[in-house]
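What follows is a set of structures to go through.
Common to both upcoming complexes is subunit A, partnered first by subunit B, then by subunit C.
Showing the complex of A and B:
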């Protein structure tokens, strides 16, 4: 077999990631009920938070970034629950292990799948929370999208990892929130702070510390998983 | 195997430490006697970081070698880390009530320490939810490495965010404590006493986990 060079390896890795992502998205589109559940849950969680604070509360706009991220966090729990567990339930985990794909490509593909699913929820949550809680983002739209996407990507990588670990557990449903919630504040707190600043009209310079923290978190978790994920996937 | 830290030494150092904390060390100029809780709080915080660092290093060593002994080290130290982080939080809350008027102030350091405690409680319950020894050791090792991210987050939270908590010695204060020498000496002895207590308890926990592991291994072989 011909040995691949550096660029060839990267292209092959990206092709593998793409295959995993497409496989999961195809499954999702065929079943549909998961996307439906995520979208309905996204709207419901927004409404519940608005009720809890009280829509006529004069400080409701101050709570808006936290409410937004709590709703995203809620839908993330739904997404995490299925990422890897589905492979166990359907009996396809061994197929995934035997496929000529690296463990890192599997994790990256699953992370991107979670990211796409959560982003779909966020597309619904962000405008609905802006209407319900009566706030707007007075900053550059691209910057807002970047900050939200980075936070969701951080949540996705943590969630995919936790989902992969809990597929071996005998109490998967309970373990996902117990393990992911303590890992999440490292990215959730900077995301809430940055979103609050953006709602108040902050520029890139003002949210740079939070972006750096989230990028650092992403790099740290990715580096740890790049080395260790093989041990999770293969028995 | 005999204990490498005989209980008599642990007991002697801790009695000396208690004497220095409650009798020998003078009252603090501004805070009176209430500051003495810090002689338990600070060493407990150090020991909880030490315990979680042992879990982290043992997890790496397990993945490298596949030797189940490292898994026992990781499990034992995580349980003790939970114990000492609970003591840290309780003594910290007592101090917070005396100094700032409330048991819980949502200070970044105390919140980060609570998250650290919850993270490792999750680690222990995760271990309990997997019955196969090898699989539990392998997957828990990965989790033990990932969870260690919470430790620097807890330590540096006092530097990264606005906090009521005193700055850590490193990197912000650079070992300039600004306390009277007798208080510093009592703190050093208390650190030594609680560290030795941790070593002794680690040895005992390791033995208990070793026995449980032996029984599990026997059941698996049958």
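Showing the complex of A and C:
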């Protein structure tokens, strides 16, 4: 039996999250085709946007953040579609439902898995976008990474929410983008604004409102999903 | 394990109707009956996967409806469909599930997996991806997965469905070992097998308990 005291619960929770994340990443590496499709799609969408706008466009610096986040959004849709659905389709979700672990551990593990997968796509998208559209971030590198990671984490939580709510639905191909639609602007708009400011050389103070918005959104969606996910998973 | 007037109603029909019985510790309890008799529904209720619409179920004193997480720590479940990941090896699958049950020591987990697998004669196939195994081998591995953490109650839904004669022999051996630490409840539509293996037999018909008896051996 697992430990029951406060610290033991936290350690046990983190260990469960780690096991789920590790298992999903291992599955992803073995399958290969899904990670490949994310990376190819990331590069392709980036290239298409870049050619549509053109590197010599005088407004490229204004378009670049939106282009960057549109590409990340597209790959996020690929990730959302698999996060829970694959477990349902293969029948392995019952393995998670039967394990003596909290629903929040399952959710956190799945959200982190989506985050890692999307971050891999972003690692390809960001530099290629900078090269193709010929722009740079004139701000602190760590701040850029933080803003991008926060935006991707927000998107991952939205994706986990939508994916979990639609996992039993036969029409989830339609449901995932439809339910994402009202949720995504809440995270995407501050991310685009912050990225635009960072490309222009902004400091932490200048992007603080957007960071606060994204953090607030992160907490809000996490809290809502944390409360409801137990019912989604078990009922 | 105690069931008191357990019912499960689907829109217009009963999957289970007022089923009551108790199962003692270390029993091997067989559930038999034709297709649609309610065997899988009963197993899923005991496994906390389906909620009964009436009655009460307790396992080791814990209420299945009110304390599902505590119950999950006590049970091991093998369903009709395998809960194994095809892309992972048998060892990876079993250690993953074992760790979710709280066994964090990797060496200890590996030793336990190897020991349990040897009971089913598949210790030399543990490094193969599950997707490469035959359906019979996969079934053996899934039964081991259910029992890997030495649960107090082992629930097996149609464990014999994919097993050949050799697999059935291993299953008998496995049950002898499992009953040392577990109570086993398994379902099958073969009355012959359930009579042979079980210490007590429950026959369900159309969701109702038709007969509860000791097997004629």
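Criterion: the second predicted complex is superposed on the first by the 229 of 235 C-alpha atoms of A that agree within 3 Å, B and C clash if a C-alpha of one lies under 4 Å from a C-alpha of the other, contacts with A are read in each partner's own complex, and residues count from 1 in each chain.
To be clear about the criterion, contacts are C-beta pairs under 8 Å (C-beta built on N, C-alpha and C of every residue); 3 or more make two chains touch, one makes a residue touch a chain.
Please read these numbers as outputs of a predicted model, since none were measured by experiment.
Legend: residue contacts after superposition of the two complexes on their common chain; A:61 is shown touching neither subunit B nor subunit C. Contacts of A:220 after superposition on the shared chain: subunit B is touched, whereas subunit C is not.
Of the two partner chains, subunit B is the only one touched by A:165; subunit C is not. In the superposition on chain A, contact is made by A:99 with subunit C only, not with subunit B.
In the superposed pair of complexes, A:175 makes contact with subunit B only, with no contact to subunit C. In the superposition on chain A, A:183 contacts subunit B only, with no contact to subunit C.
Taken together, the two structures place residues 235 of subunit A in contact with subunit B in one case and with subunit C in the other. Taken in their complex, subunit A has these residues touching subunit C: 1-2, 12, 15-16, 19, 23, 26-27, 30-31, 90-92, 94-95, 97-102, 234-235.
Every residue of subunit B that touches subunit A in the complex is listed here, in rising order: 63, 112, 115-116, 118-119, 121-123, 125-126, 129-131, 135-136, 138-139, 141-143, 145-147, 149-150, 153, 160.
Remark: subunit C residues 47-49, 51, 68-70, 72-73, 75, 77, 79, 81-88, 92, 96-97, 99-102, 104, 129 touch subunit A in the complex. In the complex of the two chains, the subunit A residues touching subunit B come out as 161, 165-166, 168-171, 174-175, 178-179, 181-183, 185-186, 213, 217, 220-221, 224-225, 228-229, 231-232, 235.
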